[in-house]
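Naming follows writing order (A, B, C and D), and every chain is counted from residue 1.
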Amino acid sequence: MRKTRVLSVVAVAAALAVGACTTDDPADSTDEVDQVVDDEAGDEADSEEEAEESDADEWFVQSEYERQLAQRDIEPEGPADQPWLQAIEPEYVDTAEYAQDGNTLCFSNASVSNPWRVTGWITMQQQVQVYKDSGDIGEFRVSDAGDDDNKQISDIQAFVDAGDCNAIIISPSTTATLTPAVEAACESGVPVIVFDRGVNTDCMVTFIHPIGGYAYGADGAEFLVENLEPGSTVLALRILPGVDVLEHRWAAAQEIFADSDLEILGDEFTEGDGAAIKDIVTQYLQRGDVDGIWMDAGDGAVAAVEAFEDTGNDYPVMVGEDELSFMRKWQETGMTAIAPVYSNFQWRTPIEAAVQIWNGEQVPSEWVLPQAPVTEADRDEYLQRNADMPSLHYAKFGGENLPGYPEAWQDR
Amino acid sequence: MTASTPEAAGGGAAVSTHLLRMRGISKSFLGVRVLHGVDLDLRAGEVHALVGENGAGKSTLMKILAGVHQADSGTVELDGAAVAFEHPLQAQQARVSTVFQEFNLLPDRTVAENVFLGREPRTRGMVDARRMNADTAQLLADLGLTWLTPQAPVRSLSVAGQQIVEIVKALSYDARIISMDEPTAALADEEVDLLYRLIARLRERGVAILYVSHRLKEIFDLCDRVTVLKDGALVDTVDTATLRPDELVRMMVGRPISSFFPDKLPGTAPGDVRLRVTGGGNDQLDGIDLEVRAGEITCLAGLQGSGRTEIAHALFGIARFTRGTVQVDGRTVRLRSPRQAVRTGLALVTEDRKAEGLALNQSVAANARLVLDAVDPRRAAARARRIPGLLSSLDLVARGPDQEVRFLSGGNQQKVVLAKWLATEPSVIVLDEPTRGIDVGAKHRVYTLMRELAADGVAILMVSSELPEVIGMADRVIVLRDGRIAGELPGGTTEEAVMALATGQVPGGPMS
Amino acid sequence: MSTTVDTATAMPSRRRRLGTTELVYMALLGVVVIGAVIVAISGGNLLSTANTVEMLSRSSLLGFVALGQTFVILCRSLDLSVGYVMALSSLIGATTMAGDPARIPLGIAAVVLVAGGIGLANGLIIAVLKVNPFITTLGMGLIIKGYLDTRYKGPAGAVPEAFRQFGYTRIGFVPLSAAVMLLAMAAGIAYLRTSRTGYHMYAVGGSEDVARLSGIRTGRVMITAHVLCSIAAGVAGLLIAARFGTGSALVYSSGYELDSIAAVVLGGTFLMGGRGGVAGTLAGVLILAELDTVFNVLQVDPFFKEVLRGVVIIAAVAIYARRQVERRATRARFGGDGDDGGTGPGRAPDRPPDSTAGGADGDQVVAGHGGDR
Amino acid sequence: MTAPRPAHRSSGASRVAGVASALFGGGSATVFALLIVIFAGIFAMNPSFMEPPSLMAFIKNAAPLVVLAIGQYFVIVAGELDLSVGSLVGTQVVIAAALIDGEESRTGPVLLLMLVFGVLVGLVNGLITTVLKVHSLITTLGMMLVLYGANRLWTGGAPTGALSEAFRQPGRGGVEMPVVRLLPWSLLILVAVVIAAVVVMRRPYGRVLIAVGDNEQAAAFSGVRVWQVRTAAFVLSSVMATLAAVLIGGYAGVTAQVGEGLEFAAITAVVLGGVVLGGGRGTVIAAMAGALTVEALFTLFNQLSLPSTIRPAAQGLIIIAAVAYAARERSQPAPPVDDARPEPARS
């Protein structure tokens, strides 16, 4: 009896101690907010140097980072009014060996579990419809893995085993884990097209993606650095740990913040849940000023902005995304903001690529799509263009010229 | 009937030495002493009764012997060697087994699996089900119980069957001491007889039996010596041969037995028929014709399973009558749920308090209001104002209305159940074994309550398996057999007459 | 003499105990047949090798988890931390192996050790500290999640090519992982039927008090069940690592804890413990996998799948519950032969009539025992 | 709000003692102690937390979980479990957004429709559990899958539409006040719900509900229609989930993830409040305190600047420790029976 009491007290104490360890001396620093900020910032830096070195290595590759940042300024090849067909510095590969008459297209989708993927998925289906009507695509077979890596591996295997797919499109749910399955698909001789997240192999015919996470993260971070006074405070809101595309964004932002005079109050995981975001931001605002918000994805950006409104604080300099509810809020409030873009129109490209491959046309082995943030300059134009679209729709979805437009995206 | 004479048993016991010697056993829970300085001896081959009112400490003493509880002080010697059981397993390994009142069986497992639970025989490290079944069959055969099959799921057995499995389980440990907590509490009379024979066999084998019971008759029928506890202390240990029943009762309660069944209160007279069943029947019952009058105590007697409880349940809409009619106060009613029965003015004090009568984690007040809350929520608060008065008139002993009923003794729990039903002001009250498992003092209060209710013009239908109670209280006795009414006897009849009807023997024929 | 009794009663009792399991396998057969017909109508072949392989490989992962979950549910516990244990195990396995075939045994040992340790902790908290299993394992899951999120920022470690075979090789048309899973299931059946601890799991689940008073160390049984459950989840984690080629923390969000509980209950094991078994769980897993395959072949909308899955699970358990009620009802029916042992503490309101006590009646003539002393 | 006073009903000291023990006794004492410790911790870290605006912000954020915990309490105390509330919250918010679609005038009818939908879900949960005798864990797990799937099937995977300003008021807005700056509607709603819940639990229905959770058979034999009482508990839970959806949707707007994991948070909160899974024990006030504790814990972590990733671990540890501590209190041997002495003979 006594023992368990002691045990549980120890457990609670230990838990609290774990928490207490992260700040140097909480009791002393409570009276001066600035002091707290200093301590925390210092602490953050410490822990990065000490413990997160390996982690930082894992997600930060200097050469790739530099390559992506440079790619932002390269004029892409291809038709300017069809960004989904553009490519940055393409290296074309010959696909004659895959030229065929078969037209069964198989698509292993990671999931449609967030608005970005839902929007893209509609775009893709509309694009498929175009080619179905033209006869280029016969059957379009889809497996949805519901964000379960293991299920996606089975799904891909099922396509391979079925043996009647003429091309397999894969949108991997996780980079590293899907690699063996993608390799197996490549070995079956069917042309494999990977898009969005990558895999650790180059066996596929083409890998389609926008410039990438580093560029995305850097767009926002650079904007904050430019628009905030030195010494300003920034809160980073992240969705989940351990997802490569998201980790790249944060890694790039950290890189840029490290070279700046901005103070990063903290980075918090929110799972993209509006209530959690609002709560966290509110709590930071209770403890002191927050001058800027950096987000690794725009889900719930409006909730973050509302936290400032509801607590009576001035709007921060905001990094959101090209999701419409945020862009509308941005326009409405006139705050200083940027909407980095992870090009949603990339969902059209794999279909185009599949048809091109069947036709024996050359495709880029790495098909890097342009990825430019929406800035205040072109914000209103995009909002105008998407005026009839619902919230949680993405401005750069690139489906305006598809026959289903606009109903397909409105009545999803 | 005295199947085993105390003389014979006492003679057998005299040659034995003390198998068990408990000395100065004390035990407290949360600072309250439940046992102080109790001594108990057991000789090989004796049946030793342990008696006392509820709360006297019988169960605690038994559980200390079984290793469920540990004594705070005192010694236990087994064959002269000091032991201290910290776990039931240790007790069993020392060949001390206990058959608890609540069955310790797994209904979904077989007889053999239950008997060998915890020490399944193994061959090369694997449980040997074949051997287990064979061993169980052997144990059963040794006791002449060949009709029980080792592979039968316990769920399919009667209460007696389950009791037997318990005893077989105890024997399978090659037990030298078996303690039994109210083993007949749930048994029909014919099953009791089976148990008696089993105990006789065990005694022949030199097994010492510690027999806890409320039933005085069993103690004199069966036991060689009796140890009486009162308020957690030892009163005395005496040979039953030299003891009279009224002396034993006085030792237990310090109160003579004469006033046990109270007389009718003046002015009590049978009134109108409150409840009438005509041709009632369902899959358990057939041809039930029954009248219960205001101010009258009508008693349903019969062997276990003869349909006594089934009638109570059918009247209360738990297991409905599928045939016949029921009239309450002259109006024909269809009782399809307890709720309807309550609304019609019926009340049922069920036989199994803990399982069917009380929400044990709730307070006295909440339990006492439960029926009002359930059936008449709008007026519940107003009607519940009577409850404190009811409870105090029933001499409830509790810390207060907020005490949870699980902390009360059986007798006081029963008083809460009674208060719950009296609060509904029923016109017909069905009492199913109202004194089962409660102490003598509480029993007496239940009897006086029945008299008071009768005087108030309530119609009372009592179901009882205790014949003295039936004879002592009933104005009319309706005897059931095999789900049918075997006959009706007037108040003041004899136990022999009731048994004759219940068993179907010709009255006046040989009884044993 | 006892042998004749044996044969006379063994049959009915065995039939009764197999009832639910048989039903589950009939349901499996039904799902396969109906699925095959529907698939055939839409021009496919559900029973083709490719689809069978797919079904089996889908079942293997859930199979391991559900196997472990069966043990704890039999003990009237449950484990909501299995998803996190899987994730942690995949990472520990992959990082320990670090791509070196020689380190495969080391990796497996590390996983078994760590997963077993988590099971031990779960079991201890439940058995010793008496914390409700729901809360214990929910809390344990959170603790592991915290560790995973802090320690691993993404997939880590590498599995040597040889170990990947666990995830990808086939023996004939049976994937190796499914074969191992089936073996583990067989071992689980044997364990419950031939080990004392297996017997005692039923006892602990049936009634912990009864088990304790019968001398069973209920805590140990509970702990063993949890250790086995976590180790099974650990093996599932190894399979994840083999299939992914690396360890991944995000596995925990795939909902295996609730899926495994659903599979076990679908397999006829009583959620409140004491009844059921591994054979049923296997069928439950196969039913879910077959449904998944059918949905996949038929290109059912993924969200509609969820709806159907929910309906199937509820419907199946409703059918089991219905049967339970019906069976009792028929047993309680007898005409006027009043021997329903309807008293005694812990009685079921509908305890069946007892033919054996009837025998007692004939045997032991009622001896007018009611006569006064 | 945070430290409920024992109600002085002036019918004697035993009454007060009884209420106090009902509030603080048994497993419930732990949660109040824990709540006080956590609040003290937050206050030590950041004294400004105790300023009214900060507290109001805390309440606004905590309100949905408290409401959910109260709903879950009804189900748990009746011996059941409701895993479908998280999915239901998500579905309700999505329904609201899709049907209102930014039109202020539709707010009222849609709220009504949500209420009807909530009642319906509760009815289905309750009837499947009570009539078809499916264990509520399975029923509500199935319902969770059905709602999750149906909701996304309907919207194609991500919510559409927008909430109206009026819809958002209860969760976001409030009354302008001098001291607290803004007295949130959610606080007023919360107070109303808590009072209503306490009243319900003191009414016949509440007593019957607990009795059903404690001993179903005894309740049935006392004239309780068990199936109705339990079904009503599920309906209450679903209605509370609907209210939580209104609050959460109002507080934070529509996101795809809304509601995820709330069922476990609510159950955790209730159990942390000393309410026993399996039914029959615990008070609704303690369940509410459990929910506040869970929310306060998150706030404390934030104030401590605990790294985001380690918070679940600390949360898990504290929950297990608190429940273990409460279990220890409960598993002490029962006090002895009172009447070891003979009762007065009356005749």
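Note that in this section contacts are C-beta pairs under 8 Å (C-beta built on N, C-alpha and C of every residue); 3 or more make two chains touch, one makes a residue touch a chain.
Given the structure is predicted, the values throughout are model-derived calculations rather than measurements.
Comparing the chain pairs B-C and A-C, the larger number of C-beta pairs in contact belongs to B-C.
Computed centre separation for the pair chain A/chain C is 38 angstrom, with centres defined by C-alpha atoms. Separating the centre of chain B from that of chain D, both taken as means of CA atoms, is a distance of 42 Å. With centres set at the average Cα position, the gap from chain C to chain D is 31 Å. Shown for chain D are the residues that touch two or more other chains, namely 152, 157, 217, 307-310, 313-314, 317, 320, 324, 328, 332. Contact with two or more other chains is made by residues 355 of chain B. Contact of a single residue of chain A with at least two other chains is seen at positions 4, 7-8, 112, 241, 269. Inter-chain contacts occur between A-C, A-D, B-C, B-D, C-D.
Taken in their complex, chain D has these residues touching chain B: 14-15, 17-18, 21-22, 203-205, 207-208, 210-211, 214-215, 217-225, 280-281, 332-347. The residues of chain D lying in touch with chain A in their complex are 41, 44-49, 53-54, 57, 60-61, 64, 101, 152, 155-162, 172, 181-182, 248, 251-258, 260, 298-310, 313-314, 317-318, 320-322, 324-325, 328, 332. In the complex of the two chains, the chain C residues touching chain A come out as 49-51, 53-54, 57-58, 61, 128-129, 149, 152-156, 164, 167-168, 240, 243-246, 248-251, 253-254, 296, 299, 302. Across the complex, chain D meets chain C through its residues 128, 132-135, 137-139, 141-146, 148-153, 157, 217, 264, 267-268, 271, 276-277, 307-317, 319-320, 323-324, 327-328, 331.
Of all the residues in chain B, the ones that touch chain C in their complex are 1-3, 66, 68, 87-89, 92-93, 98, 100-110, 113, 117-120, 122, 126-127, 129, 133-134, 137-138, 140-141, 146-153, 155-162, 169, 185-186, 188-194, 196-197, 216-217, 220-221, 245, 283-286, 302-307, 309-310, 351-352, 354-355, 433, 467-468, 480-484, 495-496, 498-499, 502-503, 505, 510-512.
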